[in-house]
């Protein structure tokens, strides 16, 4: 691909999934209107979900899912040693995601509840960066294909990849939504990184913070806001722990 | 006649999730033909414990990235039944429409991305973009339509945002519904292209009689809720899901197995077709006939065609649903409710078959116990026995290693297994 | 069908009319391009250091080339299509109407992309924007040109001016400091400046390396080497913010009035036209009111350095 | 300006005719908040009945009709070794119905900033020229303070302004287009008693303001109080969410982003409204942030709104609609902040109480 003064190389990319719902990988096949152009940018080396081809020479590895079994740790370590750029792809990979809710319960109990008569291996859920070095994170449960597309285009063209530093409220206001706090709900929009185009709040459900904290969040002011509006403490806890994306802030009590 | 054969597929491709196929034939005797699911379990039934009913559908939708709407609605239905909540009419219609969108998306993903390469002898859809541009374009158009339906009805195409206990948090705007209707009409020719293409393929013939399970409601093609029936004459209430599934574990699989009247049974598009043929839209019946598909078909490969037939039905039914929604007031579509203790099952027809969520709530509406039985779980045993039978037949016919391997892969894919979902 | 007699007629704007209606901005009867750039070809790229390259640009359209004029100290918005646009000082002589020179440091997104283009690439420029050094006001005086690091880039335009009008100025000292000898830019022109233009050049580096014969230290150390008549001396200071502070307060103590010291401020600019407000310093736009300010104004600007 | 009287029934016909022939926007009810108050937004309308003429104020302003939150500035199309740049300023005409006096004042201020400076914005002009504005007076809400900003009445910037004088509207017609349209409807010239009713109405509005903000000398106070601890105090409450700037009718600061299209055959440069409250507003290459603290950023928003920038002749650009105050989750509002500043200044000036430490 040649563009005035530049030669662009296709991205030698591989996609792998771990403990997850595979919804983020599925997004790669969405946005059908530009899908063929999108695939043109990629030299897909491994992508088990849609292709039987499997090659081990790739530069970029998309890692979907969190890590919760020993074989996954080993698979991930091997991928890390091959990939030049390792991308944590989706909330599970970036923060642990909903899977981390399991960590609230003793592992023995967890297994006994679902497999009463069979021993099944499971570890405490970890995010990818707890196991290997992550070069780039693409947040979202699921990831926003538009954003993924833009980021991969940036990688092809050698542009710097930057995620919004501001919170979801900015996008929410652009869409003229009525603020969910005005409707009596707790919304994590003010402290969550934008980029999803405020889908949840536009659907009138509160943001649960799947994209993790935005830059320099003001947690004390946010907690004060919840206290001052007499909103439910339990509700807040349930929301802020939902994706495990606010790990660093969960010690806070409103 | 082939006397010795081994097959060891590690992480089968073009399916959702991780599973292996291990086959050993020695001295003309089938030693083992295993369908081994090695997916990492996530323990959703534990995660929901103590969670407020309001939040649960957002969690359970994350069981599956392909059929998140079904999971969300199964939970919602279970919780609504447990807490005696009656969602408004319009909400029910919109939910059905959402299910259509998801099924269309899922079926087209399966038909074009996952199995079409098998028939065209390519590793993936990518080379087909150039060799079959029209068919691929048609497939993408249909998939896009499915996603668009989900987007308009639930706010996002994967992991719905506006499906909530009690109804919908936000109704779709009529303008968007109108646009959607136009889009549906415009894309019907794409479906014709797809049908013509699949008619040109040779669908393998393989028959092993089995039992087909699906929902049934007597009035329409099943989607959300109803009675649980099978082609062997079983007919039970929604809450009796345990006696329909009889889950058991196998030590080589993290996904469980189920059984009903026989050693194995099937859920999915073909099961729905076999049990509810009469309720299909006439156009869908026509398409079925053009493939020589009629109930009860026992050929698992025909599941692919049943999916195509369902797509035809969906386009027609979605248009009708939109028409009736356009005549309704779409403002308040959520009933307010009281949190209460209760327990109930929600069964829905997910793209891959009947899906059960069972929920028990305490007086504050928090979940104290949950159980989910996934369609693929209900197909595991059948896949397992099909693999054995097809290997035996193929060896008997003296097929080459490569041919047997491909047949095995294809028969598994024809079930459109959703493995990560089955190991939730 | 009804007759649509209450339909509001659509009013289009004619780009050219609009462009020509722009009030004269320090330039007479020129059309200023605010959105659509002048297309330029990069005719020459010289690598100066690891981090800096000198780009030579030529406006392709002859008519456009003939109307593009600027004054020393002004900057332009350089656009690399697909990557974005960045403010860059014009580093060549304003009497040169054939080409423009831009000295660019690889600092981020756009500038890195610029580093990978080859000669012949087409880019766009908008501008020139901003204020300039008051070269006429300086006439008849001594001039101190003080540059730190990349600060030499905006300083080259006034330097060219002085060289071309050498007879209008008395003593001209140029004080130039860098981190290490490798970072000194335009060394190939040093002799020309010294010998032909009679500029007294003093250089200094913070860290010397093998082979460095010159001075080591910080730029203010160079003041010990020079003497000037503070009543008739102007200073132009370009460099990192910390340098302004030290240099200007030194010059202040040395008796040069604050309104005879000029600095060029740097902010991230998104429009260059005083609209995006990204480059606000106090209530002043760096892009419109600046980037060249006298030190007195800077002292009175909140948050300037 | 020409003045006319139109009955409300006839006015409905007029609006219906306009709405039928044009893409029109007006206030619509979108929600009821948890206190039972109705929430309005300017949205597209299909008939007179869609418009909530009795609305209080819209949650978000009408500025996005002129300054879209996201707008394409130019498009590059690549071919071989070259590219072309395409720019369009053209927009289709729209009708905006029911803007308040302060909303129209805000547009006038934007005109000042975006059309009168050295670099008028053709994008803005294109939209401005193609917008037909119908204003509508109202009784102030308890927290409106536009009177303090002298923006509770407006003389220009609209095509028609309607004052409610009982059974009829008193129309101020400010464009020949509007005048020609109105010719086809039953209107009459105002009589003395109509003028009396108008004056009474204006008096009523003027006397109904419950909020007042003393803004005399505010620009210089802001300059003096640049380092005031007041900023830190309010800054500590600020969530950096940008909500205030998004809903404000006059906040216009923006960011420019450029991106390749997926097929790499083109690229677009886009403008996106930004807010000085967002963390990286004043970040420069190399990562240095000139305004690292919440308070610094909040201060700049007040600085811009109430001191004004050179582009606007250093005039205040706040019109006193209090949308920002209402929308702010942590209740940062111009009235309280300005009063605090004023008190801070007075405490310094008369040294009655010691000023808090300045760090």
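Order as written gives the chain letters A, B, C and D; numbering starts at 1 within each chain.
As a working rule, a contact is a pair of C-beta atoms (placed from the backbone, for glycine too) under 8 Å apart; a residue touches a chain by one contact, two chains touch by 3 or more.
Remember, predicted model here, so these are calculated numbers, not experimental data.
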Chain closest to the middle [Cα centroid of all protein chains]: A
Winner on C-beta contact pairs when A-C is weighed against A-B: A-B
Rounded Å distance between subunit B and subunit D, as computed from the means of their C-alpha atoms: 50
Rounded Å distance, subunit B centre to subunit C centre (Cα mean): 64
Separation of mean Cα positions, subunit C and subunit A [Å, integer]: 43
Rounded Å distance, subunit A centre to subunit B centre (Cα mean): 25
Touching two or more other chains - residue numbers and ranges from subunit A: 3-5, 157, 159
Multi-partner residues of subunit C (each touching 2 or more other chains): 81-83, 108, 120-122
Multi-chain contact residues (two or more partners), subunit D: 78, 81-83, 259-260
Contact graph of the chains (line, ring, star, complete, other): other
All touching chain pairs, where touch follows the definition stated at the start: A-B, A-C, A-D, C-D
Subunit C-facing residues of subunit A, complex: 3-6, 157-160, 162
Touch list for subunit A against partner subunit B, complex: 17-27, 29-30, 32-33, 35-36, 39, 44, 47-54, 68-69, 72, 97-99, 101-102, 105, 109-111, 113-115, 117-118, 120, 122, 141-142, 199-200, 202-205, 208, 234-235, 238-239, 242
Complex interface listing, subunit C residues touching subunit D: 2, 4-13, 15, 18, 21-23, 25, 32, 34-37, 39, 79, 81-85, 107-108, 111, 120-122, 124, 266-268, 270-271, 273-278, 280, 282-285, 288-289, 302-303
Contacting residues of subunit C [partner subunit A, same complex]: 81-83, 108-109, 112-113, 116-118, 120-122
Subunit D - residues contacting subunit A, complex: 30-31, 33-34, 39, 41, 43, 59-60, 64, 69-70, 78, 80-83, 236-243, 246-247, 259-264, 273, 275, 278-280, 294, 327, 329-330
